[in-house]
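Report on one structure; see the data block that follows.
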Amino acid sequence: MVTAQPSLATKIGKLELAFPTLMGSGCYGSGEEFAPYVDLSKIGAVVLKSVTRLPRLGNPTPRLVHTPAGMLNAIGLQNPGIEWYLARELHKYADRPCKIVGSVAGFSLDDYAYTCERLAARDEIAAIELNASCPNVASEGETFACDPVLTAKVVRAVRGTTDKTLIVKLSPNVTDIAVIAREAEAAGADALGVINTVRGMAIDVEAWRPRLGNVTGGLSGPAIRPIAVLAVYEVAQAVRIPIVGQGGIETLTDALEFFLAGATAISIGTANFTDPRIPVRIATELRDYLARRNLASIGEIVGKANVGFATAYQYGGDEG
Amino acid sequence: MVTAQPSLATKIGKLELAFPTLMGSGCYGSGEEFAPYVDLSKIGAVVLKSVTRLPRLGNPTPRLVHTPAGMLNAIGLQNPGIEWYLARELHKYADRPCKIVGSVAGFSLDDYAYTCERLAARDEIAAIELNASCPNVASEGETFACDPVLTAKVVRAVRGTTDKTLIVKLSPNVTDIAVIAREAEAAGADALGVINTVRGMAIDVEAWRPRLGNVTGGLSGPAIRPIAVLAVYEVAQAVRIPIVGQGGIETLTDALEFFLAGATAISIGTANFTDPRIPVRIATELRDYLARRNLASIGEIVGKANVGFATAYQYGGDEG
Amino acid sequence: MVDGAARVHATIVSERHELTAGVVVVRLYAPELARATRPGQFLMAIPPSSEAAATALGIYEAEGKHASILFFITGKRTRELAELRPGDALDVFGPLGNGFDLSTDARDVAIVAGGVGIASVLLVAQALVRAEARVRLYYGARTAALLVDAQRFASAGCELVCATDDGSLGHSGFITEALARAERPELILACGPSPMLRAVARVADELGVRAQLSLEETFACGVGACWGCVVPLVANSAQAPSFPPAELGGSDVVYARVCKEGPVFWADELRW
Amino acid sequence: MVDGAARVHATIVSERHELTAGVVVVRLYAPELARATRPGQFLMAIPPSSEAAATALGIYEAEGKHASILFFITGKRTRELAELRPGDALDVFGPLGNGFDLSTDARDVAIVAGGVGIASVLLVAQALVRAEARVRLYYGARTAALLVDAQRFASAGCELVCATDDGSLGHSGFITEALARAERPELILACGPSPMLRAVARVADELGVRAQLSLEETFACGVGACWGCVVPLVANSAQAPSFPPAELGGSDVVYARVCKEGPVFWADELRW
């Protein structure tokens, strides 16, 4: 007995989205690049490529390697810097038929706070995502997002600069992501992005050298999906703020894994490189799925893979 | 000008291997199971399924899920316990035409030390691998291999019980694997196994529950190869003891990535489930590769992906 | 019950038929495999592209120099196998596992097959007919078109009872409903999806007949090395693995490997 | 030079030929794509199985209602594309990138193609012949069999100079050696493996002729969104991306996207 059309709307802090699909930072440009292939009014939001205080040339080439069911990238945050971005780029995004989320990166607390404040002040920007997977020059290049104390500091630093929704994107390259998630929540994050890429490397066995100019890179795509689903599941148990699940989502089934694990919205990155129609296809199929199960909204599936654990699996045990 | 046949022999501590190929713990039984399909005299060693002090039923089912370019497993160390193992099982392995490496797991320092001492005392066992990816009941189930202090303790505990080669298998589920590697080396490890499986999860979106009886499992196969190659590369810079590289090795090219990253031997697990002939095929092709390049031994390629970094890539940069 | 005959076979495809859309039979030139196979055993097909795990498939036919496999195209591995054409090479290893236990010498046997389960029961049906037992095949599928090769069993000498979910042929509903209402056999052998096998176990229990179920689980190694494909079994079952011993664990259930101790288990010994 | 015409095209395979072992041409019914394509542009082929990134392929032919692609089977994606048969569907998006710059109005043009580079130069050769320029094709490959479709260029009105690594046809050695010794053209256009393109750049420099090189890099998005496919370019090149601006970075080199600012670049503006 299907009644009304199920709603795909979702809310991430104050950010209201008509569709629960964000396009991953760094994978989707400003949306314009994909506009000829997909109806942007049918996606929730584009997360812009991360921007930094100063312009960056980016990493030496090669910057991409394809790996089994995934890819490594090491772009190195090539971007024109916040001033040029605000002065000459951002106004072009004003008429996108979907929401625009800014992404902020940096190499010091000051960097982050400055860039976030400048960016968040702009009307084109509906929310801010904090990409804290950068090395902190003040502490021997330790990655902000890999240390609970640095995470808390950087979240507090940017939190003070804007009232807009702040999504803190977590790195999976940590011993216990729940610890970091709790720090980010306590420091004022409105939502968490789970996960950023997994660190990896590939070697050219003919030339005897790394395949990436930067030596190491970030692994994305279906290969990391099981890692990402677990991260969302563990973070969902640890915090009360919403989660944007991401890492290898290509199909409706993949998307459902993330919702059931505890995500309130999903982000799609690498799959756009397979077929730009994937985000809209997932949204359409998601609506059908909800209708078939007579569910009114995606809220009804978020975190539901928890139900019945205790009864379904009575033994203890562990991996290995 | 190819002279003699290149040698595939390698040495891991005192363990001398005719072939640089170990069969991953838990993936190869005792070798007997694969003997009809592969000539065991052409592989270096079988690492036995991890054994514990007490018998273990193992995890509830399902225990396996296939994922893109990989699989999740949560076997839960099903094994008969060390006593039964020694009394009724181990003697059967005496006449294997390859070396046999024992693998020890446990839930306390005492467990590990006891099991290792009993196992290592047996002649059938050429070396010991320490599987420290188990929860420590004394510290709220913290995984030994994910904490530098616990790693040091467990390595010291087993080191005292045997003079045989001790390979400490590292978990990739940590913020900085080099830190753990250095602790293991300082505590007396003769070699390091890099890497064990990556934690992950998959959800059944029809039944709305985890696909594994144990909820979470370990990801293996080609999907994790870039993660493993980087781990080997980073550990090789951090320690001086040999490394057994593993994680998604299926072809000669994959194997070469690990040698070039710094591994002295490789371990093959999941690939045996695709084609049991893979380990011997890799060894054969490896010999051809060395011959073609006029190299006398694999020692000549170990860690060589480092050469020329400084000149080839002059810019700094980072992932993202 | 030993698989001492198991080895890698470099086979060549000699025929390939699509019985109905999405259901394929591939006939392999594989003399040693055909000779070594006992009813209910399976093989592992090494993927031609080497990009996924080997696929467990029942050995459908084995006679003379040929063995065949029958499969439904359900995912990427069977899609790849479906592309095989006569003359193509396919490496497989096997035969593996323990087949059906025919030592009971039952003279009146009901075989229950659901969907792709049909692939694992032709050889046992043939063996029973050869041994002059009465063989009734209870064969269920979603719809008539998916009752593939039913005629084959009839000509082999089986009595045929069919059921379809949509009522397009035979009994409308589950095949186990037909089994429950039928004359009580001496032995039941079954292969099919897990819900069907559970229903077979219930019906067998009600009828007071023992049943052997050929199970399907996700496999990794297929040869007993990884302990991934297990099912819970009563500890004192003759099929319980000697390793690990239940007596030490203090449990009355042990996990047995479908690939090694199975794939066929006595229904009344399963604790699933 | 804008790609305002780019969109997703649901094409149908109308022909498929294997020119020589491992080299395939697939002709697509794709009227809008054929119409919109300019010489030197490429498309992204969406993998029929959706299990890998889309594949960048030069648009080989574009006339009437058909466009075609020509590719070497080198990996899993081209292996899958090679399985396409007439009647199959293939979704692609494009045309993408900037083609060759023919605004120089050169009357004597040397086109250099190595291996699969041939796929990106037929349209430009045809356009130049149509514009009544003299067109010489310098075509190199490992061996004679891999000099695919050379006759096609001859009948299109090109003068043909071939080279093979093994000497089985034409000049024995690199095609750039033949180019270096030939009569000086007004313009060089080249597509092929990177070592060949570097050699073309050297020869062009020696001859004092400008050259346009169609580059190949590993792609992800193909549409300029990910900044993964870049090459270093002099900052004041007309093709330098406006974003990020070199003046702010204080660098005389910028990274330009092969998919967006390219794939064709002036050799003397590259800093690789």
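Note that the chains are named A, B, C and D in the order they appear, and that numbering of residues resets to 1 at the start of each chain.
Heads up, the rule we're going with is that a contact is a pair of C-beta atoms (placed from the backbone, for glycine too) under 8 Å apart; a residue touches a chain by one contact, two chains touch by 3 or more.
Note that the coordinates shown come from a computational prediction; the quantities given were computed from them, not determined experimentally.
Peer 1: Treat touching chains as neighbours and tell me the shortest step distance from chain A to chain C.
Peer 2: 2
Peer 1: Any idea how many Å lie between the Cα centroids of chain B and chain D?
Peer 2: About 45 Å separates the centre of chain B from that of chain D.
Peer 1: For chain A versus chain D, what separation do you get between their C-alpha means, in angstrom?
Peer 2: From the centre of chain A to the centre of chain D is 35 Å.
Peer 1: When the centre of a chain is set as the mean of its C-alpha atoms, what distance in Å lies between chain C and chain D?
Peer 2: 53
Peer 1: Using the average of all C-alpha atoms in each chain as its centre, how far is it in Å between chain A and chain B?
Peer 2: The separation of the two C-alpha centroids amounts to 32 Å.
Peer 1: If a residue has to touch 2 or more other chains to count, which residues of chain D qualify?
Peer 2: If we look for residues of chain D contacting two or more partner chains, we find 51.
Peer 1: Of all residues in chain A, which are in touch with two or more distinct other chains?
Peer 2: 26, 57-58, 69, 73, 75
Peer 1: Are the chains arranged, by touching, as a line, ring, star, complete graph, or other?
Peer 2: Contact map by chain: ring.
Peer 1: Run through the chains and report each pair that touches.
Peer 2: According to the stated criterion, the contacting chain pairs are A-B, A-D, B-C, C-D.
Peer 1: In their complex, what parts of chain A are in touch with chain D?
Peer 2: 26-29, 33-34, 36-37, 49, 54-58, 61-66, 69, 71, 73, 75, 78-81, 83-84, 89, 250, 270, 272-277
Peer 1: Please give the residue numbers of chain B that touch chain A in the complex, ascending.
Peer 2: Touching chain A from chain B are residues 26, 50, 57-60, 67-70, 72-77, 105, 131, 133-135, 146-147, 173-175, 196-203, 205, 208-210, 213-219, 221-227, 229-230, 233, 248, 253, 256-257, 260-261, 301, 304-305, 307-309, 312-315, 317-320.
Peer 1: What residues on chain D touch chain C, complex-wise?
Peer 2: 49, 51, 76, 83
Peer 1: Chain A touches which residues of chain D in the complex?
Peer 2: Going by the criterion above, the answer is residues 3-4, 6-8, 46-47, 50-54, 91, 93, 217-232, 243-245, 248-249, 251, 253-255.
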